[in-house]
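Worksheet: the structure to be examined is printed underneath.
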């Protein structure tokens, strides 16, 4: 596997970084400092969710498990209503999760996250993002919620990824992770939880790589 | 709370990792080699477009100009119908652009790009992507086309970014670049071209950073 | 208000109705009574909007003007925060309009409309819907907001239409009406207002037809 | 307030109307004749699909069964590649179904339907539409395909509906019908087929009502 080779390269890269003064990566102006390669501490992913019945909370926990699969990346899981400016400032990666209300993000969740850059003045530039959703029907809007969260993050200048999947014959990605939790398919299945883990794993992996 | 349980699980997981030799960075399996940090040559962005009347071609040229703003990144601009497997394999970043036909990607363009991973077997894992569109009306589907191209790239395991914008009072991002080229607003305006340059610049900047 | 004039037309319309025997509504079960063809009063369109700076309010007024182009259809324009259950129960058509916050419906607006069927228990089955949006950038999410509002209405069992457009050489529709009101294109243009009128006109026309 | 201005404009508009003989219901200009209420024969729904492996074909058959639940509405099921201008001209309702290729409508299907109004010159104004999709993953793009087909139809001036659902405690709608047919959930389940039937039933019901 290329992973061991990568970690050697990574160590070499750290040495190079220590001896260079390259600083800025160009994408961000003075008011948009990119997450600094010389930042102290491990890469950090925040899993932020809204949940009324508990399903989205469970999916958030699975995303966090996935983050834990990437060595050297730390994770925190929080309800959006409990997240502080410090939580957001300190996050290198951010995974947003939401139930589906009438095909869309619940107003209560959107009201909270609308304030993050507007009132809290958080700068999300170049943070790595991913999204997940729960909902009661296969065509109930889970994908639309994921896309809506991705657009929110893109509007906030983030970098977006989804989970990586593969079977014996092919490999592919997805826009995020979702669980159908309604009348035809109650609860969260093992496959849905594993999709969420893969989402966390990918966000963690790319977050780590961008900071290395 | 599940958080304490999670951190126990996480510690256990770390122990397991320490005792295994799986290493895994997660993002890339054996059939999904990430663009190698040791790859020869400069980071390379391919701007791939479909154009019937020439408007999307002009927007593609502006995207390429934006790539040129990032030192050390090279750029190529091609019609999707002329792109080879080698072009795609060699691209570290890919910006897709399309006109809007009935609110969506034209069938002729989608037919070409459907074959890229399916028949050409190109592996897009961890390539950096962005999207742009042209169309005749403000609500004619340009955004939907951009989202559709982003989803195409996400499904192909890519990493997505949009342009970064800022005014004197605020900064924000966008899902991509678009030009309205119809009855009310013919041709491409200076603002539309500059938005496209900023898209190219961001894709180039993040591509370079991921390869550094 | 034009309501008194309209009521004259409406009286004539009722006479016509009284002489017909058009019958069944078909689509809706016992808990989903379709707007009744024998309902008292003229077809009625409610234009419901959220507006902070006033742009969406202006676009709402243009939508209402468009409703006024269809003889026999009455119109009301209200902020979502002021709308009562009676307003919604009495509306045969509903046009929703919103600004764009971070690519999506503002949380404050969504929080209000989330309660309409959930807490107010309004039954939207077979009401006719359309949507409009304002935002600061061509790719800022206006289309995504329109789609999000359309999905909200579809989830609430409504029937969806957009404006009809035509030029000398072609005719086409759109998903709704939008105005770009930001740095590159401040204010609402005549074309944007006319698009909004056409949206109102179409919703009114189909609402009237479904009730006739 | 603009309301007073509006009522003046409205009165002027009424005068103009009174002096003209244009009559017009607004929705349809001379090149956009609405399906005529006096049209001979039964309301007619065309279910048009693209299918490679057969799953979308099966879902199309279920949609057609649902059309058959509405007395007096006839139905035809065709591959998009076999559909003639006459098929489309004669359809009062149209349900489009597609598999999901890389999160979107397959190029082969879109290429066919792009020609319907562009080259075949079919006028879709006021036909009633609905959409369905199949795909391999819960977040593989099925919803995005349904939305894309709905936008295609909206751009072609159609009227859109989705299926109506209800449980013992609530009722709701959806954007369309979908089946997940991949590794975790092969084949079409009874619930997925029933969702498709409900889509057909709703399109048929509204088609009939608009023509009555």
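Going in written order, the chains are labelled A, B, C and D, and every chain counts its residues from 1.
The definition used in the following text is that contacts are C-beta pairs under 8 Å (C-beta built on N, C-alpha and C of every residue); 3 or more make two chains touch, one makes a residue touch a chain.
Small disclaimer: the values here were computed from a predicted structure and weren't measured.
Contact tally for B-D versus A-B: the pair with more C-beta pairs in contact is A-B.
Centre-to-centre separation between chain A and chain D, using Cα means, comes to 36 Å. Centroids of chain B and chain D (each the mean of its C-alpha atoms) stand 32 Å apart. Chain A and chain B have Cα centroids lying 18 Å from one another. Of all residues in chain D, those touching 2 or more other chains are 103, 140-141, 144, 147, 151, 154-156, 162, 172, 174-175, listed in ascending order. If the chains shown are joined wherever they touch, the resulting network links each chain directly to all the rest. Listing the residues of chain B that touch chain C in their complex gives 103, 137-144, 146-147, 162, 165, 167, 172, 174-180, 183-184, 189, 191-192, 195.
Against chain A, the residues of chain C that register as touching in their complex are 101-114, 117-118, 140-141, 144, 147-148, 151-152, 154-156. Partner chain A is touched in their complex by these residues of chain B: 2-3, 6, 9-10, 13-14, 17, 22-34, 36-38, 70, 123, 125-126, 147, 150-151, 154-162, 164, 166, 171-175, 201-202, 205-206, 208-210.
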